[in-house]
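Consider the two complexes below, in which subunit A is the common component and subunit B and subunit C are the respective partners.
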Partner chain A sequence: MSRNRVIQWSTMARTWWLFDSKYQCPFRSAEKICMYLEGRHKPLYHPLSDVGDHVVVINTKHVAMAEELWRKHSFDYDTRFAGGKSRTTAWQLHDVDPTKVMHKAVYRAGPKNLLRPTLMRRLHLYPDERVPSEVLENVTDVIRQIMVVPRSLDSYTEEELKNFPILFDWPEDHILYKRPPPGEPAEELTGNTKQQAAKKK
Partner chain B sequence: KFSGRGRNCYVIGVNRMLRAMRFSTKNYALKSETLDRLYETRLAAACLEHGMNKTYFLTSLAENDINLNRETLSNLAIYEPRTFQSLVQFVKERSEEVGLQSRVLGSVHGTESRGILDEVKKHRWSTKSRTDEVD
Partner chain C sequence: MGSSTIPSTFLKNIAQNGIGRHVCQLQRLTLSLCKSHPSSAAARKFVEDDLLDFTKGNPGIVFYVKPRRHRAPVLTAEFLNGYKEMIDLTRCTKEEIAQWIGLMRGRSGVQIMRIRKDWHTDTPSIQGMWNPFMFKDTKLNVTDKMDKSLSEYISKYKSASQKLIEMKKLQKQQKELEQPLKESTRVIQEKKKAASH
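What follows is the complex of A and B.
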């Protein structure tokens, strides 16, 4: 059997990638997604040759934006008719359709030519982890996340919490003053963790 | 290419021909620029496959007197992938020899997926290790 034939099939195949956008920045992850949609992850890339892949994005509902962008970032639209200008803030758009923010981010990051609509058609966005089986069957590989997802305090075990390295501790004679409610005497508090533990005992 | 009266009338056709020739002379530099940019994107993809930074790869090749231009490198990456892999391997081994074991090498997408605990252990911020060093 010809081995090179199969190699050629595998190089020219259009692969399906999965991307989990939970707690990821939509704009920065869109740049990476566009790389795979255009085919810039392949050495035989050319802008006019159709070498882009499909990307399935899940958890677009849980996408995260920096600082106050949810409140302040707005998507402007103009229908080019009288009174056609409108402005929607990010949180409003996200309420209406939780995939729209990601869609717009990828649209913005894509090439600004007539090939962009075909790229967008190869992008599949889902707000949750529920993806139709017909789509999931095609998915073969995973795009790594851009931002480190921080661990919540609940996920740490007690052992890990005990053994976590102490970066800073108050000196032993340091007293934190806590203003008492009127009428009650002040409670002497120390910031030092060792003294606190000794006090508890 | 020549439509309308440009096809049949000399004076009009000549002017259009001269314009075309002017553009073709300007295109020599532009063509090499656009092709170089294409080769660089292809190299970036090939380096990503092998878990390396493109700029690091190119600079270390130049430092070690491997004077392959971007065109040949990208063609190697497409048609001779194992040769390209050997070049990447050379750069990795050379950097270890020199003493530049950077975090950029060996990781496909950088260190974004590292956890906080790994970072802390790496920088040795724990009090335990400090006492060991003192002893």
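What follows is the complex of A and C.
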């Protein structure tokens, strides 16, 4: 029975989680992160007991927003004095501090009571993958992402591109746009150049 | 009266009475009533009509009748465990008094309280107390936490390009299967030709 006393320490211990926010919606991932900050993922959760965990969020610089949200989503504040209203769009805020959008999203998803500031203290935000080792050594588990990270064309290898199924053939006179090597301006593809290319042939 | 003012307790098992033989937990009943006041009319009627029948049927219960001048009729029940309960019998009919007495006779003598939890167990956990590492994959101990395989989203559905790549793979496999077949048929035809010549 003396072991039970020690088991209880690990039961109530705060664990550290890692979340990769690359190409993730900040608002939807904030809901998931908040679950861990409040301790709602634990079977012993109770709103009156303080059982929340730490969450380390990396790649906040690369959070993704749907459609026009970077331009249209705004963070508003009003000092209640004349002219005290302020409106900052998401892209502006992201420009100033790449962790701020995630911070505000989690703050909004958190419980609307006096526990919220202490919960936010347990959220550790990093704009990229560089995390101090004294923080990273505490991490024991990883929170799964909520969305598929899209693959860019550059990330495919030469072999993968070669073996990719071809659904149809281009017509012979179709001119494919070729991406210029970095540093050189793109070649203008007007009607004249097309004719010139045909003549040369 | 709010629920918080009612005394509360946790559920416990006290229903052992009657497993061997039943022992009536009601020890003593005291009915105090006025001889003249109209509020005690029903109590007087009960004493006149039903009291003797009750005492004959329940020899284990002591029944006192206390005349109290110009007081409201009150029934006091005392139990074996020392619990005592008083019931005001004003505006009660004779039948209702009999019902109250019947209720007291059947009770265990434990005070009726609000139960905070409607379940109770002597063994709170057989599998052991939960801890953050319970049912965790041991792979976590040896993998780098920055590894993509841990954080990657697992989709229920395949993407369109993934389906295409799989279809192409299938086609390729089928072609490879068909080729040796064709060759074998050619060999058989040649043999047939040779035989006919």
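Everything that follows uses one rule, which is that the second predicted complex is superposed on the first by the 150 of 201 C-alpha atoms of A that agree within 3 Å, B and C clash if a C-alpha of one lies under 4 Å from a C-alpha of the other, contacts with A are read in each partner's own complex, and residues count from 1 in each chain.
One rule holds for everything that comes next: a residue touches a chain if its C-beta (ideal position, glycine included) is under 8 Å from a C-beta of that chain, and two chains touch if they have at least 3 such contacts.
All values derive from a computational prediction rather than experimental measurement.
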Partner chain in contact with A:86 - subunit B first, subunit C second, else both or neither: neither
Partner chain in contact with A:138 - subunit B first, subunit C second, else both or neither: neither
Subunit C versus subunit B, contacts on subunit A by residue: C
Which superposed partner A:19 touches (first subunit B, second subunit C, both, neither): second
Touching partner for A:147 - first (subunit B), second (subunit C), both, neither: both
First (subunit B), second (subunit C), both or neither touched by A:129: second
Partner chain(s) touched by A:10 [first = subunit B, second = subunit C, both, neither]: second
First (subunit B), second (subunit C), both or neither touched by A:45: first
Shared subunit A surface residues [contacts with subunit B and with subunit C]: 42-44, 144-148, 164-165, 167
Subunit A-facing residues of subunit B, complex: 38, 41-46, 48-49, 74, 77-78, 81, 108-109, 112-117, 120, 125-128
Subunit A-touching residues of subunit C, taken from the complex the two chains share: 128-133, 136, 140, 145-146, 148, 150-155, 159, 161, 164-165, 167-168
For the subunit A and subunit B complex, residues of the former touching the latter: 40-46, 144-148, 150-151, 160, 164-167
Touching residues (chain side subunit A, partner subunit C) in the complex: 4, 7-8, 10-11, 13, 15, 18-20, 42-44, 58, 129, 136, 139-149, 163-165, 167
